[in-house]
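The following pair of complexes shares a single chain, chain A, combined with chain B in the former and chain C in the latter.
Let's turn to the complex of A and B:
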């Protein structure tokens, strides 16, 4: 039992956000069908409402409004189409992150820190993308538009990845956005994330692996505690490790983010897979060096890990490691956007207005409002009495 | 003290006059007043004898009319008859409501019970005839409903008092024993001293040794004996003491506290890599010395440890195998959510009942 694996098993990413491919598909299918049902229901309701209101207006107007609203069954998105859309918006997220310029603090950093800064931005984008992906496991783009969720996810990940920005500043930098719009879906996103904000990324792992590979190349370093230093070092190990770093990092930045590998594999496996895609021999030698005959005499474990890493690499290879979408994908997505426009849930279109209404307490039970008020008063009273009443000035 | 009945009361002369026959303590110094807990009317023992000897009769006080028996009459313990009556009521209620604190789960419940009983007592003592009748009815109902438990508690209380009595008795006995032993000891000491003196005298008379050495030796012997006796006495006393005190709670040695483990016993030793003191790194080395980092307490070794840990954390975790076991749970939760009015995203909420808002 390796201690590193035990520690990974305590993470929420393992406990709540790891799925087998079949369970992931089942979850997405049920989410999609549920959302589609709800969209049809909502559209029917809104049509009924319009029909009622149009009987009160003149005939001419009614004719126009009826022709404007397409009747008949709504053509909803399928699971694959939703996935494509979400992937597109994940790309958008990473591009938005690249283009966002937060002035004020770049100036003071010197050269190595600009490197760190880019790492920071990398984490920030990746976390936001994972938030979006996790959100759309249990929600559909038909219900909540990815463009809305994207902003909130980006804002959330500034918090989790030490990239603090005030909400006003953030909204300004995004452009055409008010603070209210960003905050409109904050509860929604928090709940969909099941209140877990921690995302384990493979970037730092890659850094560690390359660091160790270079150390192994210099010699005198055992591969595992108590083991001997590996003998059959690949040629030009130091050089190859450095070279494969940037290539592997590209895979992690794009392919790993846009595919479902985060749901199916651990960060360490994803990192190894990216290394495998960058330099297959190097990665295989590295993995096998961690399972020497003294620990794993039959070689079963090493083979199993290799199998999983290869599977992960296969999945990652389905998306080319560049950040821009291909022309085919672009075309597909623009068609999908049009389709999405027709099948959006009309009741959830304006999240900002919904949130505002909620804040105002509309549509809430009298009882709940009263209960909350009582609770507030209670807590205020407790806060006062905690250390007794305020001292009176003589 | 003023509450206790006094044979003569200087403050209130009417206390010395029997309200029935108007005889006066001044004329009859042996006058004794009795009451009956049926109605608590006071009358002298002569009247009681006169009226009730021939059987039950109604109370002679005007407008009372309660049927009284001679057997029920006794001298009042308290001068104030109201208090006498309240104490009687309390005794009566206490016999029925005799629950004990250890029967209750929480202190709050026990206190609520006590309050309820107190309310009942108050109703009987101070209430109007109607509330009094109601309270009596409640008392009766409770008595009938909980006969077995009342009996049980009564026996338990008896047992307790019995134990208490026995404990006190044994303590008293032990005390007496100790005192006797002390007396005996003193006697022995005296006899010992006398005997050794006698011996010294004998030796001085008969033996041919220096008188001084003999006396010195004798003193030594006496000292030895007394100190030995004292030790013995101490030992005995300690043994006796451990025998006399009973019912002490068993003392348990406190469990020695382990140092706090922030990781709950998780092993933090790496198994897949050996952490080096220094790694070659493209740009990290430049950060190790800059004040911008060192001031904040940043240490490059922390970064090494973290990156190396993350490189191998979960390498041997096979999600497809391990998560398959919990697969039914997650899909089941999904289908439950699907039938629910609330969106499936609140899956988590259904597993753990937590109060959270419905977001729109």
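Let's turn to the complex of A and C:
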């Protein structure tokens, strides 16, 4: 029988979306610098085009535009700035998601103690956020604005998380948005996601852990299958398990989504880390109860697991478990949005128009076949940029 | 939560470079640059399936599933990539098992999505059909045994990975020319680790009616891996008798779009299995359609709540022996019956799981199970029909073609005259 761990290692989340901190940084750095180069190129092209057209109009104007070219180098976003922006839009994703009412005609199972409706909403939003985070590993906000990608990701995850909504209704509720705008970057998103849409979340692991802790509190349950019942139960175990559930859940809903823990840790590690942040002694006792002396006489395995969980908790704790951004963050982000306005790739601003042009080109005449071939060659060149350089084991 | 957290620290990308390369290529090169379509296989509401070969020396043949974009509402509104395409892409990317159809790559081009699968020359519908021509002659016992083992093995893998297939039927079970069984068509499959809508929202009805488990017919809103196991029981029976064991007629949805009780289908099951009883199936009384059961009539034999499955089994495996002694299925013996009755168990909680079925003595007694279900066979099954005419709609109803897509799933596959 394969173990849960072995099965997890066959998942795309592990195979394609797990990184060491240094490989993740390297990927983001190269994405950022490639995007910045392309922004500068595109800006240069559009300035040239403007210069040419002004030559055609009048010399006076040309003189003005040439002299009025204090438009030196474009000041591009740094990796850190991009991260802050993306994080902010990930927050927005949840808020927008909350704003979209759950269709009342959808029936869900209601398991005892668990409100499945809210679980569905949680999965839907968390998956959308992870799509956005994955998307921006190989794409820059300077190329594709997070406000656009957010809508597409949130709509796309209605489809992957069985939370289907009408596209028209979806666009209406968002406001100032047409169905076309939501769908414009769908192919772009699926490509960036490398067609892997299954995101493994830590939420249900937490449900299970808390259920198990409460069962342990009631006694008569072994800590590991076939093992012995733990003797040194922490005080008020049942009470503490219940209490830490909501605290841990807050971490999973916000901090786990907004930090990079999904890229570095397994869902069960993330769950344990949330429990650790909620009640450190409880979590440590729980973890150690899984490694009795008969299994782990030297305690090395337990220590190793504790070490990993602590590392994960440390990373998760860098973002407070609040759904709203702090005032400091807000201020910072609004400055970054202004900066982004000045360094956006002018050729990728209107995704809806780009997509429309592409779809209009789906005819069969020769011209279009040629055009597509050109596009293909172009995208062959861009392919490297889109996915970043080949990933390396490190 | 019984698994300890993985002991490794932050993990490096273990993605094989090959996969990344493939995916990268699929963006760079459009479909027609990479594949040459050599014929049309079938069509459904999702789109079409083609047979193709690689242009760049890729080995083997491929089945290309081309999805149409989804439409919504009365005015034709493009709603993006269809949910079933997304679901199938998501699942197939996670799965890798010798008895599950293998996804090679996905290609996007203009508005179209191409899913490239390995090609399988046969499927169980086609194989069963072949054994009815020109006269009925049984599928050899070793083949039946190998098919069942491989089918259960694929299903065990799916269930262990929290995937419910939900539409197992002969047309969806592929067999390669090397005799390897591949569970196919995951367009309806669902991850059951994720929160689920009840059966009555989302996809209205699941599983082609002849293979639909009694708990679904009785209105259960919980669906579990056991519904796949019932379908496998039905497939086992069909491999033996060459016709669907419970061939009911589907009651159509009424104008109010309420899901009707499938009386005729339930009747067919009761005729062989007898009426279910609450002694043997404690949760029976909680089924929404429990009241309907009293209106069904059990056959003379099974009036007393008894099942005539055993009689059905022995008369089926022995029926051919008079005419064609060497290929009789009589050798499948008593263990075959036990496996069949374990799969066609009314109570979903008592029904065999894929895991327990694999350990059934049926597979460990008698001839050794071969991983090639055609081993020792002298004949070869006809190849899948591939049409050159793109617009030939008739091909979709020929035996051996696949049908799927939500609106069709409530209807059984049309067959050639039997």
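Observations, loosely collected:
By definition in this document, the second predicted complex is superposed on the first by the 334 of 394 C-alpha atoms of A that agree within 3 Å, B and C clash if a C-alpha of one lies under 4 Å from a C-alpha of the other, contacts with A are read in each partner's own complex, and residues count from 1 in each chain.
The rule is short, and it goes like this: a residue touches a chain if its C-beta (ideal position, glycine included) is under 8 Å from a C-beta of that chain, and two chains touch if they have at least 3 such contacts.
Just so it is clear, the structure is predicted and the values come from calculations on it, not from any experiment.
In the superposition on chain A, A:34 contacts chain B only, with no contact to chain C.
Legend: residue contacts after superposition of the two complexes on their common chain; A:214 is shown touching chain B, with no touch to chain C. When both complexes are overlaid on chain A, the residue A:348 reaches chain B alone and has no touch with chain C.
Looking at the shared chain after the overlay, A:298 reaches neither chain B nor chain C. Look at A:5: by the touch rule set out above, it reaches both chain B and chain C.
In the superposed pair of complexes, A:235 makes contact with neither chain B nor chain C. Touch criterion met: A:269 reaches chain B and chain C at once. When the two complexes are overlaid on their common chain A, residue A:14 makes contact with chain B and with chain C alike. Residue contacts after overlaying the shared chain place A:204 against chain B and chain C alike. Residues 2-5, 7-10, 14, 16, 18-21, 23, 109, 116, 187, 191, 194-195, 204-205, 208-209, 211-212, 224-225, 264-266, 268-269, 271-272, 287, 290, 301, 304-305, 308, 358 of chain A lie in contact with chain B in one complex and with chain C in the other. Of all residues in chain B, those touching chain A in their complex are 266-274, 276, 279-284, 286-287, 290, 292, 304, 306-320, 322-324, 327, 330-331, 334-335, 338, 343-349, 356-357, 359-360. Across the complex, chain A meets chain B through its residues 2-10, 14, 16, 18-23, 26-27, 30-31, 33-34, 109-113, 115-116, 138-139, 143, 187-188, 191-192, 194-195, 200, 202, 204-209, 211-212, 214-215, 218, 221-225, 242, 264-269, 271-272, 287, 290, 301, 304-305, 308, 348, 351, 354-355, 358. Residues of chain A that touch chain C in their complex: 2-5, 7-12, 14-21, 23, 105-109, 116, 119-120, 123, 155-156, 159-162, 164, 166-168, 179, 182-183, 186-187, 190-191, 194-198, 204-205, 208-209, 211-212, 224-225, 264-266, 268-269, 271-272, 287, 290-291, 301, 304-305, 307-309, 311, 358-359, 361-362, 372, 376, 379-380, 383-384, 386-387, 390-394.
On the side of chain C, the complex with chain A involves touching residues 1-17, 19-21, 23-25, 27-30, 33, 72-73, 77-81, 83, 86-87, 89-91, 93-94, 96, 106, 108, 110-111, 160-161, 190-191, 193-198, 200-202, 221-222.
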